[in-house]
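Here is the structure we will look at, set down as structure tokens.
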Amino acid sequence: MDLTVQLIVNTLQIGAVYVLFSLGLTLIFGVMKIVNFAHGEFFTAAALAMSVVVPWFAKALGLSAIPVFALSFCVSVLVVLALGLVVYKFGFERYLRDLIGSFIVSIGFVLLLEGLYLEIFGGAPRIIPPLIPGVANILGAAITWQRLLICFLALAITFGLYFLVARTKLGLALRAVAEDQEAAMLQGIKYRRVALYGFLIGCGLAGAAGAFMAPLAAITTFMGADFLIKAFIIIIIGGLGSIPGAILGGFIIAAIESFGSYYFDSSTATIALFVLVIVGLLVRPQGIMGHAER
Amino acid sequence: MPRDRRIYIASALLLCVGVAAALIVRDDYTVKLMLWIATSALLAACLRFVLLIGELNIATAAFYGIGAYTAGVITTIFNGPLVLAMLAAAVVAGLVAAVFGFITLRVKGPYFLLISFAFTEVVRLKYTQSNIIGGNSGMIGIFPPVAIEPYYPAIMIAIIGLVLIGLYAIERSPLGMLFKAIKSNDQIVLSVGISVLVVKVICVVIASAALGLGGALYAHSNNVISPGDFGFLLSVFVLAYVKIGGEEHMVGALLGAAFLTLLGQYLMGVGAHERIFFGGAIIIAMLVMPQGLTGLALQLGRRLGWATPAASLGQHK
Amino acid sequence: MSAPAMSPATADDILSARNLTRRFGGLVAVSDFSFTLKRGEILGLIGPNGAGKSTVFNLISGFIPPTAGQLSFDGTDITKLRAPAISRLGLVRMFQHGSLVPDMSVYENILLATLVRLRTPSTRDARVRETAAMFGLTPYLEELGGNLSHGRQRLLAMAIATATRPRLLCLDEPLTGLNSTETRDILELFRKLRAEMGMTVLLVEHNMRAVMSVCDRLIVLHHGQRLAEGTPAEISRDENVIGAYLGKRS
Amino acid sequence: MIKTAGKLVAISAIAGLAMMSAAQAEVLKLGLSGPKSGAAAAWGIGFEWAAKQAAEKINKEGGIKANGKTYTLEIVSYDNQYNATEGAKVAQTLLNRDEVKFVVGSIGTAPVKALQSLSERKGVLIFTTAWGPSAKGPNFPLTFTQINTPAEVLDQLYGYVVKQNPNAKTVAMLNPNDATGQDTEKVAQESWKKLNVKVLASDWYERGTTEFQPIATKLATIKPDIIDLSTTPPNDAGAILKELKVLGWKGVQVVSAGTSSSSLIKVAGDAVEGTYMGLAADFDGPAATPIQRELNKGANAANGDPLNVITIGSWDAVMALKAAIEKCNCTDPKKVAEALPTIVFESSYGPAAFGAKDVYGTPQQLLVPTIVTQIKGGKVVEVQRVVPPELDARLKAAKK
């Protein structure tokens, strides 16, 4: 086992899901100017949905692992989108661009959803069968095939989002709204509709991350919390609202976690992450890729 | 100004009633309930104090914790007197806040929110790694001196009440006006020759010193403190107090603290459902009364003709 | 470029800027711009949109630091000073937009300006009332700033700046959106401020007729550089200016 | 949601009934303080469930008789959220509002200490699962430990591991950076040293971590003969074992204080093979008592989560309390506390007692067999059961 290669491989495989999750958070921030603490709950919802749907499909349809996973993935993301719609309609819609108001609403949803998940799914961890078995060997580093596959899928979605934002009409509207909401409205962009789409895309990304994480980790009702905190660090470092920033930040955090856990220990690496955020914000408040607020 | 005087007189009376109640009531649980409401109210008032400059200070929990730990270290490890512990807690929290504020208040809005969040987590994780203060198990045996123990709840309510009145007085002073001006338009404040950064730091230092003192009081009434008590979730709940009470006026923070503390106690027996109800209550409150309890009360009052819009709370003069 | 050579700084100069430059990323907003302001004069800074007038304002009032160049105010080097310090020295500016706190009363708005300059509540109160009277705002002292009419908001903004008793008052388009009576009143006020308090005024304004009538001297800015400088009469005859600016606009 | 609403109705109906019956018989309220939300929620929920089963069983069999009265039991349980603030609130609510005289279970070192600072002063008897030696001893005459703690377990477990793997000379340890981890790690270091096993590294991680490859990579590259995941919770330990297998590390795996073998097996899959556990008694297997099997099944059905060594502790505490109250024929907590160390009672493990005065200075530690288990073929197998000599002696004395 080549250590450096292994640590880099670890970084990439952790980072891929971080990136996906953070992209959703940063997109929602960009469009709605809200800090969505409930983002982790969408992630959890998708993973929990997978834990129900995967065994069900496998039994009912008798398909092999990959089509079952693909189908379940779609269902889980749809579940998350529906949840997102409810959360938007009964909460965020009235607190668009209100940092403090929306923050407290999102906290309300965290408590409510966390309690409901525990009530419905119980405290025991849930597991879904592996997607594909086996371990790949890359330059002496070990990684499971399913991690590798999920890495690629996550990267594909990331590129898809990039394309959406860079090339499509909706993407243009999202960017315009993120840049300057009033000007965008003067241009005839319907802000509320764009905000809803942006929010749903963000939820969808959290859902995708959760669904990808489902075969890799123990599915619990509180698994989103850790990702949420990491994602905050990531988008601060990358720059709030910045898509390239979230991608870069995701891999930076994954690298610190991977190398820091090795050379110090995991607990210290966690502190290092927070310290990094503070130092980073002092040196460059707008993040690596963010624009200065003017 | 007469309205202000009435508020001071009313709060002084309320304070006397609270202190008297703490002395008279024999039921420990009721006394504790009063103390929880008092500490919640102090936390809410301090979080709201920084909201006056437009910043959401998640580090409210951190400064409260710094006060609690400072006081705990002084009375249990060094056997220092309680008064010294309280003073030191306020001073240490204030000093740390000065450094923290001077560095971080250059950023604002979501950046400040998130940096204060990160600061809170770093402080909490540092406690867990420090053996001398008990690591994750926390510090135990933080008691007030035996002689004053029977009066401690009354003393605590008196101090917290005075701090709250003090915070209100500052809010109504020219300094408080500056806070409001900074929240609304910091450029104009700069243009008349006032350093916005310095004013913001003063604001955070005042709030943090009050929090430090509150933390010291809390530590001695709870007798046990642990790192988990001062995580960012505490600030989040305190924000809920402020928001549900109504942030327009300091009374809102107090109302919200009392309301949610009592609700929390009532819901305690509901067990795992507690979170569901608490979360649901926050969401519903935000939907039906965006101005909080005080806003709702004012609206009702207006509809019934009790108050005219001109007399609405929170307006100066 | 027929800009006249710069006169050397003298004791009469209250403000002198030397080779002032400011870049934003690749964009040069102000380039090697030098000028002086004489004590007690009313200087007009004019130029088309995007000429760099607001940047010059932000530079001399310390809201943004210059990339290069020097600034001195009344004998003090203020190049490295920040806005509050410069304001305390007596160089006070007004903003183009939102130069007041909308959710505070007129009284409190003006009171803001007195906080670092006057120590006792009674002197502050006197200063606020005196200033309000000067700008005809006495009847509105209890009104919220945001509830005033547009014209009175401009008056309030100027009142805030004036209440600091500045030696140099910089006004960024104070006449925008005012009717002719209001404009006339304000111009009259400028003259009064200068006569009674010895205030120097730097004025950025689009209203050409007002500028021509009130200013002692004009500087024309174009693409961040000085295009012309002179008395209103000279400027209105300057062919460069007419070509680049006046001709096209009116 | 409908199910939830139904449950709520049921709960309030039961509460109503309980209040009605309260008018007729003497009700003895028993308190519980455990986490019922957040990452440790499953513990508090299982804990409450087991205590309620015990109370129900006793009530059905006619309650507790003492003082010439018959007491029926009622469990009052609150969420301590695993921190001192909430722990203190729970303590106040239990002791001062509900006026509970006995707390039959408390989980979490910080909230337990908050409870203890009040209960000892108010003369309330408490049972606790707190592992740290700091919560025990002569300073706390009314505090009883209701489960086996590392001090009871580790020497047995490690001794067995070393005996089975005589070539293992080095160990790397990992613990979550919390009170449980910090308390246990010290004891574990000592235990390994006693057996001449060299501790190569002892690392910490923050609870709530979801990605474990970095931790696994570190552990694997140290190349120890034994990896002791110590107090690492089963979910996390399972994830780490899985990653260790991917990395190709092969060695002796120990999860000394992991409480749930079912979670561990679920998460780790076949990577768990051969793992030794010290606190993961198999409540499903042949070695389990009928009560344990029945409780385990019930908990699985009710909460979707089987019981473990911690959560079953509340059952044992209720049973011990019943025996002690009947022995002293009173409900005065101080007298009950004096009676507790003198009795032998029927725990879920079979006959049990309180003792271990030699270790802690007071005989207030539950004495039940320590059970070393190993995971073989995806199942937990009991490989060694040691009845503490003290318990053995007491049982023999009781028989006479």
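Order of writing sets the labels: A, B, C and D. Residues in every chain begin at 1.
Here, a contact is a pair of C-beta atoms (placed from the backbone, for glycine too) under 8 Å apart; a residue touches a chain by one contact, two chains touch by 3 or more.
Please read these numbers as outputs of a predicted model, since none were measured by experiment.
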Q.
For subunit B and subunit D, which third chains touch each of them?
A. A
Q. If you average the Cα atoms per chain, which one ends up farthest from subunit B?
A. C
Q) Which pair, A-B or B-C, has more C-beta contacts? A) A-B
Q: Return the chain label for which the distance between chain Cα mean and whole-protein Cα mean is smallest.
A: B
Q | Centre-of-Cα separation between subunit B and subunit A, whole angstrom | A | 33
Q.
Centroid from C-alpha atoms only, then distance subunit A to subunit C, rounded to Å. What do you get?
A. 50
Q) Whole-Å distance, subunit C centre to subunit D centre, using C-alpha means? A) 75
**Q.** Chain centre separation in whole Å, for subunit C relative to subunit B (CA means)
**A.** 43
Q: Specify, in ascending order, the residues of subunit D that touch 2 or more different other chains.
A: 4, 37, 41, 45, 177, 206
**Q.** Where subunit B touches two or more other chains, by residue
**A.** 125, 129, 272-276
(Q) Can you pull out the residues of subunit A that are in contact with at least two other chains? (A) 114-116, 118-119, 267, 270
Q | Which chain pairs touch, all of them | A | A-B, A-D, B-C, B-D
Q. Along subunit B, where are the residues that touch subunit D in the complex?
A. 27-29, 32, 36, 125, 128-129, 131, 135-138, 140-141, 222-226, 228-229, 231, 234, 265, 268-269, 271-276
Q.
Applying the document's contact rule, which stretches of subunit D touch subunit A when the two form their complex?
A. 1, 3-4, 37-39, 41-43, 45-46, 177, 203-206, 208-211, 213-215, 217-218, 220-221, 234-235, 238-239, 246-248, 262-263, 266-267, 269, 303-306
Q) Of all residues in subunit D, which touch subunit B in the complex? A) 4, 8, 36-37, 41, 45, 48, 76-79, 81-85, 87-90, 92-93, 96-97, 109-110, 113-114, 116-118, 132, 134, 177-179, 181-183, 206
(Q) Help me check something: in the complex, which residues belonging to subunit B touch subunit A? (A) 51, 56, 103-104, 106-107, 109-111, 113-115, 117-119, 121-122, 125-126, 129, 236, 239-240, 243, 272-283, 286-287, 290
Q | Residues of subunit A that touch subunit D when the two form their complex | A | 1, 3, 6-7, 10, 13-14, 114-116, 118-127, 130, 135, 142-144, 213, 217-218, 220-223, 225-227, 257-262, 265-270
